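Look for subunit A in each of the two complexes below; its partner is subunit B in the first and subunit C in the second.
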Partner chain A sequence: MADHSTPNAAGAQTPDLTARQIRRMKRFDNPWRNPKLIWGAGLLLGIVAMGILGRIFWDPDLVFTGSGLTRQPPVGLENLRGQVGTWAHPLGTDGAGRDVLALLIIGAPNSLFVGVLASLIGMSIGIFLGFSAGFIRGRVDDVIRVLSDVMITIPPLLILVVFQAAYGDISLTMMAILIACFVWQSPTRLIRAQVLSMRESGYVQMARLSGASTMHIMFREMMPNLVPYLFGSFIANVTTSIVTAVGLEVLGLGPQRIPTLGRTIYEAINSGALIQNLYWWWGIPTILLALMFIGLLLINLGLDEVSNPRLRKL
Partner chain B sequence: MGRIPASYLMNRVITLVLTIVIAATLIWLIPRLSPVDPAEIMLGRMTAGAGTVEGSEQILATLQERFGLNDPLLVQYAKYMRNILFLDFGLSTASFPTPVSTLIANALPWTIGLMLISIVITFVIGNLLGALMVWEHTPRLWKVAIPAAMVFTSIPPILSGLLLMWIFSAQLQWFPLTGAYGLTVEPGWTWDFVGSVLHHGFLPALSIVVVTFGFWALGMRGLMITVQGEDYTTLAKAKGLRPRYILYRYMIRNAILPQITAFALKIGLLIAGQVLVERIFAYNGMGKLLYDAILDQDFPVIQGVSFVIILMTALAVFIVDLVYPLIDPRIRHEAA
Partner chain C sequence: MKPTTRLLLSSAAMALALTGMAPAQEVAREDTVIFDLDRTIRDPENFNWFTSGTKRQHGAHQAMWEPLFILNYETGEMDPWLATAMEPNEDFSEWTLSLREGVEWSDGEAFNADDVVFTVGMVLENEELSEREAATMRAQVATVEKIDDLTVRFTLNSPNPRFHVENFGVRIFGSFLIMPEHVWAGEDPATFAFYPPIGTGPYSYSSADTNRAIWDRNDNWWGAATGFMDLPEPARLIWLETGGEESRAQLMLANQMDIAHSVSIGTFEAIQAQNPNVISWHDGYPFAWPDPCARQLEINTTVAPWDDPAMRRAVGLIIDRTQIVNIAYEGTTVPSSTMFAEYGSMRPFIGAVVAAGHGLPATGDAEAAQALIEAAGYTMGSDGIYERDGEDLAVSIHVNSASTEYTRTIDMVVEQLNRAGINARSVPVENGVFWGEVLPFGAFEMSYSWLSCGSVNEPWTSMSRYTTASVVPVGERSPGFNNTARWDGDAAAAYTAIVDEMGTMALDDPALPGMVAEAYGHLAGELPFIPLVQAAKLIPMNTTYWTGWPTAENNYNHPAFWWNHTHQIIHNLERAE
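This part shows the complex of A and B:
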């Protein structure tokens, strides 16, 4: 690792290193150029791009019932009735004649939207409560700590099932807000723990002695050190939120009139698509969701390596 | 219990009680704020079945009286909390005279059985693979294969369940498509029945294992990297102990204990994921009960199932918190 600071000379000094290893050494110079991070972000950007470009190059109105013949297979494949798929519906149609490609174009961004919005709201609550607990301490800290301990054990899905069973149809935004009520705990705990340890550290004491305001200490001194943790927690919460949203949709709850990937899967299972071998109907949304989760996981693993260099390896 | 400080125990007990009270209150409060009336839903179902119902006004009044919907809210709340203490959730509205607790008692063993089996399998496999990712004597093929398999981590088990179900049940027909045991076998302690249960439970368990072992493996990897640099590991190597012995006796034994606390954070999501798996496999557990109740708008069952699952989660976390300081002497609990 002595070559680390002079990567250009690495090859000359240690000839036993392969070109590949030298390339990997160089990558240590900038932790953000982490392959997992890049691949994960690429996957998610791809899904977002599909949502945007799809609306331009494909007809989003095909998500409506009866846009085509029902249960058509994807291009070049044959369904049980012997019909061969055509380019009119490249990924086939579902049991109500909706175009599966259009369902993906409209549904995938909806799922991401719920995840990101819920996580953003949860994060804001978490930052506020975490800093309050860590700074004010005393009674406030006790209440926030116990509350987050309590809420972290309650699975959001089950409370939301009760809620939606009682209220019926809700909008995407409403669903995101409801999910946000259950994803603030882990950022709160994380920030509280970090703030408690940071407030005793030298640079915070220094800032306090120089008469810096509490706001300045919170946002200018502490916040930059929290960024990798916050970002990791944010991504983890996006995953949890989407899992919860998909779970609700697969149980037949969630928004009833807006196409979502979870709802498409719900309808496919209910219509016996598994037995009738209509694999494109449930399979394509399933694979797209899986790709979304893989992308989020890769980003999270990459961020772990950025903030914890011990996890990086050659 | 001698080694657990009283303040720590108090803290955990308060958290447990608060969790149960808050969950019960939310479950009670949310439907009360909604305009939907369970008595009207029941009457609506009767009307749908019979065309018209004689004296529907009277039935509605009787039902509302029977469900206690005419009492003041505080009285209703007090009654509800008292009933919940005895796990009494009232009567199901969809299968009317059956108590909700009976329905739950029938479904619960299936859910707990499936959960225990899948959690034990994932914990063992996940931690072993996580340790192998760090161990320097792991065969090269494994070092490539394990991270590749972890790509499935964080996919909800319902998605892996669908894919496995399609491949192994619908296409290859190796496993049955739905249910927890065959229609032709009589429930009881016979080999036929046990075989049938295992046959039906394999795919649901597998779909959970495939997507959750990576969580343990990742945690284990981080812990193993720390343990690898410890002096006692170096000493063990210097003594010339066999690498496999060092792996099991020195590294894994020290790294595995903090993994147990991860249960506390993960168990809620695990149970929620399993509920959905049970729903797609139509497994005779809480998931199927919940899904059927949602279809029938059977509020007492929805409330009962949600509460029992949250209760299970809270108890599991409580037990982990209590057992952990006993098995890991390195932990010293300071007064909170």
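This part shows the complex of A and C:
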């Protein structure tokens, strides 16, 4: 781990810092207590908590077609017909009588789940291939490098649209696996580059001299040094995966009966929600997606600061 | 293609169609009528309507090809068009057709008995000509002969009192269209593309692409020359693919579309609130025109476990029609009580079926259904889905994604089945794929459809569509979309025997309602398809540029502008002042 005593020393040498700045600097004692990281994680945990608590305090079966009257507005608001929203559906209903609150409770964690799972799979592949290519080199490196270079030029959405259109209704997990096929290349390339520069360093040479196995060197000696970096890459991948998944869902592909935020937006667009001024139907899922992406971005920025002290601002 | 993609494409096409790409000469917007098209034109340079594909409803049979007669839904009469009369002999086994004098093809050749005899003869000899109208003609006609230039005699295989309305009257969607002998002679009718096409109508083909077709007025139209009718006012007609409800609505608001396919009532109210020039069949609630094609759930009776009539009856019991009406139609239609369209003229037959105890309930009975499923050896699993031998009771339901009406109905059915313990899922497919690949070849377990459609004032046409004569194996094309459920067996044979006998009887035979009820008993016991709800088409019509649209007050005919009778609508349009 990096040496964190610098800010303390620097603070002592520059006495004209305000009390607030000093307080902020002390926070860097522990780089993980980064405000961006905390805010970002908070937003995502909030969405997960909504999914868990929502299932306890709200009826998740309301996500299905025909659970209530159609096109009811949120509480306190009025729709085009002059109907006023009720507490039976606090965030209103969509054009098929699904409860929007229940759609969020079930749909938002689903969207996050696809992103996290796809990214986990993609990262695992990426880590394995990246380390192998960088450390073993030779033929293995050639094959992996060419493969990832080729894959990186293929636009994933295009392939996925064709694939899903052919297979129709698929499960969330299947969708995550499909997306994972397109998010392993960047981590592979980046990790390979890092490993290439790291493999000549002293502790790796030492481990090699002391007879450690390739696997041991790769995953026990080198990987811990890449953890913040891997985290950053992972979060970026989650974002990409969610964007891809939502892109598919908004086109009407992906799971049919399992609610996701993207599918809700697709249904809204497809059923004339814009012209009918049913803004809660497409607006609320959009806001939630925005929050999810902001959360991921903040985490990513925070992780950058954790792994690169020079980025930390006072 | 999904509606969203289509929306993007069609707006791009819209821009092109209305600006730069307009061929030949510019036509002002106020001289143009823009119609909605709910599907992609897969092969825009093929006008062989006898084979499957989008070859008629993109303007070809609304503007270019004219029917012999048009059944007027409001008066019940056959309005003569290219023909003047069609008379049967005493036992309805021979029909004599009289053609109108002075009809010409757009290239100046005379339209006469030779064209009729040639076209019918071609269909009789070529099994590959698979469209419904061609298949019906082949099944009914033994010989066709020319008496003189304007008279043709048809000799039928068996007496048929409905021969004229069934084949030449635009009763449902299309009619048997006569093709020009001087163009088709010597061509292979199964592969001939008939491009560029010609017709007798007041509009000629101008250009077409996968998402639009353009037709320009032929000022030398025979009808104006002979005094049959004045030239229609619109100088140009455009059929434009729109995709989803939102794009239809936006085009209506922007006055960039004059008539659109059915929208949900909420969307219609929103359009009307922002553009008061947009009207529909009725002035007020429920706005919609009752379409004669009642909606149903088609079941492939060759696929296990749905080859078991008890399982099909279970599905029939689960379905709650009232909920479908409330959610998918928001109250603009009613639950079906039989397979028939609930028109006044159908009442005696519907009444007989209901009196015999075969009427359908408006709500579901999941408990009775579950008893049937359990009797078939299924047990309820912990996930609320029935299983047998470790396999879930599951079903995929195909639905065309062209309209929210269709997808939402199936969403509701899927929900009801899931709640009752059947793991159902909907499979939305593009309209062209749905009609071209899924339905006719039996490539489905269950499917949304309206294929018992046909009867408007007599029961036989709808019932004849599920006889055993039309049964083909899965993978082969169902003739004319008849019996796509592939319903066969003893009950189907008994049903077919009664329906065949009905086919030769006069329309007002007093024995008919009783026979309908008896045949219907076999159908209700085996349920090769499950009637859902009556169809209601809420068609927005824009009076900004054009008036004279068909409405309940101005009811010269109905507003289904994708049908062959649209000639009447076009002749009734007047430029708005």
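Following the convention adopted for this analysis, the second predicted complex is superposed on the first by the 298 of 314 C-alpha atoms of A that agree within 3 Å, B and C clash if a C-alpha of one lies under 4 Å from a C-alpha of the other, contacts with A are read in each partner's own complex, and residues count from 1 in each chain.
We take it that a contact is a pair of C-beta atoms (placed from the backbone, for glycine too) under 8 Å apart; a residue touches a chain by one contact, two chains touch by 3 or more.
Remember, it's a predicted structure, so these values are computed and weren't measured experimentally.
> Classify the contacts of A:Ile269 with the two partner chains as first (subunit B alone), second (subunit C alone), both, or neither.
A:Ile269 sits against subunit B and subunit C alike.
> Let me test your reading of the model: by the given contact rule, A:Val48 touches which partner, first (subunit B), second (subunit C), both or neither?
Touch partners of A:Val48: none, neither subunit B nor subunit C.
> So in the superposed three-chain picture, is A:Leu251 touching just subunit B, just subunit C, both, or none of them (first/second/both/neither)?
Both partners, subunit B and subunit C.
> In the overlaid three-chain picture, which partner chain does A:Val243 touch, first (subunit B) or second (subunit C), both, or neither?
First partner only.
> Is A:Arg81 touching anything from subunit B or subunit C once the two structures are fitted on A? First, second, both or neither.
second
> Return first, second, both or neither, reflecting whether A:Leu296 touches subunit B, subunit C, both chains, or no partner chain.
first
> With the two complexes superposed on chain A, say which partner A:Asn277 touches: subunit B (first), subunit C (second), both, or neither.
The answer is both, since A:Asn277 touches subunit B and subunit C.
> Touching A:Gly97 in the superposition: subunit B (first), subunit C (second), both, neither?
second
> Using the superposition described at the top, determine whether subunit B or subunit C touches more residues of subunit A.
More residues of subunit A are touched by B.
> Which positions of subunit A sit in both the subunit B and the subunit C interface?
Touching subunit B in the first complex and subunit C in the second, residues 165, 168, 250-253, 269, 274-275, 277 of subunit A appear in both lists.
> In the complex formed with subunit A, which residues of subunit B make contact?
Going by the criterion above, the answer is residues 14-15, 18-19, 22-23, 26-27, 30-31, 33-34, 36, 151-156, 158-159, 162-163, 165-166, 169-170, 177, 218, 221-222, 225-226, 264-265, 267-269, 271-273, 275-276, 279-280, 290-291, 293-295, 297, 299, 302-303, 305-306, 309-310, 313-314, 317.
> Quick check: in the complex, which residue numbers of subunit C touch subunit A?
Subunit C reaches subunit A through residues 2-5, 7, 244-246, 248-250, 253, 263-264, 266-267, 269-271, 273-274, 323, 326-328, 330, 396, 401, 404, 408, 411-412, 414-415, 418, 425-428.
> Please give the residue numbers of subunit A that touch subunit B in the complex, ascending.
That would be residues 146, 149-159, 161-163, 165-168, 186, 239-240, 243-244, 246-247, 250-253, 265, 269, 274-275, 277, 279, 282-283, 286, 289-290, 293-294, 296-297, 300-301, 308, 310-311 of subunit A.
> Which part of subunit A faces subunit C closely enough to touch in the complex?
The touching residues are 64-66, 70-71, 80-81, 95-97, 165, 168-169, 250-253, 256-257, 266, 269-278.
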